[in-house]
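Letters are used for the chains, namely A, B, C and D, taken in the order the chains are written, and counting of residues starts over at 1 for each.
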């Protein structure tokens, strides 16, 4: 386990909301971050799909991680998400990467993929700006 | 309690994720929706602020409600959010309204306000497209 | 004519693309900027409406001006636009305002209004981040 | 020249604003569209870079073309753009592709690349929703 990955896991464990949802860090390398979430009933909306707010949370957090992998301690300043189809399956995986980074900000993109017994499909795409937290 | 408000409350109670977070419907009229959330530790990130994912969830859901108030059963197709400042306080309030609506889609805007003992401030603004669920 | 307004007019005149399109500065005060454009055939698309790219240009520029009114020399870092209806009429007016500003960035919103003989209507809404140009 | 490409070229020639700017269609296949623009002084802003409004126009139009390649006659409903760096060079190339398409809407992404004597770099990324024009 790399030092960066360990750092990322510690951050995630110190986010009570991520603990509540059960988010796991799968990949955390310079310029890349994958976060996943086991789908359970508590995360759904009234039609039985994963709630859009869960998907936007996961995209937002993966974007922050991707940006943070090159900037250090960071927050999401803004992002935009398009939902492509209803999210069903056993697991959500958000894969985010850095498109461009300066000293204080990075622009990142993220795909959210739903993985089920029958395969996987992209359920949302997001794009946003991550900003380094001034110390 | 209007029929529309009662309908809206029932939808919220049938969203397990909204129940998990404790979201409450405050206003639900044609073209308007206010959702609120009591801030508790479980909803925070590592710096003690409300997690951005909670704010984006609340904005997303308020946008859907606003659109749904004129379209009927609806989902968020896409939205964009700018975080303005860290969210602290006792309660979050998302106020959403319809800017323009056709038969199948509505464009809505939303402010997310953090309310504390010292007053309130806008912590995020969002804008998105809500789409009627085809029956 | 205020000093700020004169400064704004000079910037606009030094943007060849704004001169090509015929953009005019109508209001430029701390936190506010209105830009307008006379609609002519050259600015249209194949259906006879104003081209979306003209509307997004005007929104983008009005957002930059609004941000610049409090930040000084600035650029748009990102924005999002929803087109509400086809733009017809004699004049486009983009009204932008600052929602929140720090030392280096401002979040702004903008409405684009089409004005014709029959009245006016909002044809697009935009939201974005403006960043001060480091000197 | 494929029938689709010829159709696309005709549309572009019937957009007065695209003719004014000098936009050219380079690729137009199901799910893909590349549009380019020769950089000239008229397209610049006050610092000598290509005006952001030109870049957003080109991204918007490429997104519409990409969506239109699978939907037929279409318009952009909304999009979001992040500017990554100042655009300098001899030519702008916007490459757009469809991420997901239904019967009436498609979600597309676009990169805008500036090409100069020294090489090329991505100057903006965009993401948006394209809607089929009802007949």
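The rule we apply is simple: a contact is a pair of C-beta atoms (placed from the backbone, for glycine too) under 8 Å apart; a residue touches a chain by one contact, two chains touch by 3 or more.
Here the structure is a predicted model, which means the values were calculated and not measured.
> Would you mind naming the chains that touch subunit A and likewise touch subunit B?
Shared contacts of subunit A and subunit B: C, D.
> Give me the rotation angle that lays the C-alpha atoms of subunit B onto its copy subunit C, rounded to the nearest 5 degrees.
C-alpha superposition angle, subunit B on subunit C: 180 degrees.
> How many angstrom between the C-alpha centroids of subunit D and subunit A?
The answer is 28 Å.
> What is the distance in Å between the mean C-alpha positions of subunit A and subunit C?
Whole-Å distance between the two chain centres: 33.
> From the mean C-alpha coordinate of subunit C to that of subunit D, what's the distance rounded to whole Å?
Computed value for the inter-centroid distance: 20 Å.
> Touching two or more other chains, which residues of subunit B qualify?
As it turns out, subunit B has residues touching two or more other chains at 77-78, 80, 82, 107, 129.
> Along subunit B, where are the residues that touch subunit C in the complex?
Subunit B residues touching subunit C: 80, 82, 84-85, 99-100, 107, 109, 122, 125, 127-129.
> Which of the residues in subunit D end up touching subunit B in this complex?
Touch list, subunit D to subunit B: 77-78, 80, 105, 107, 129.
> Spell out the part of subunit D that touches subunit C in their complex, as residue ranges.
11, 14-18, 20, 41-47, 51-54, 56-58, 60-61, 64, 75-83, 133
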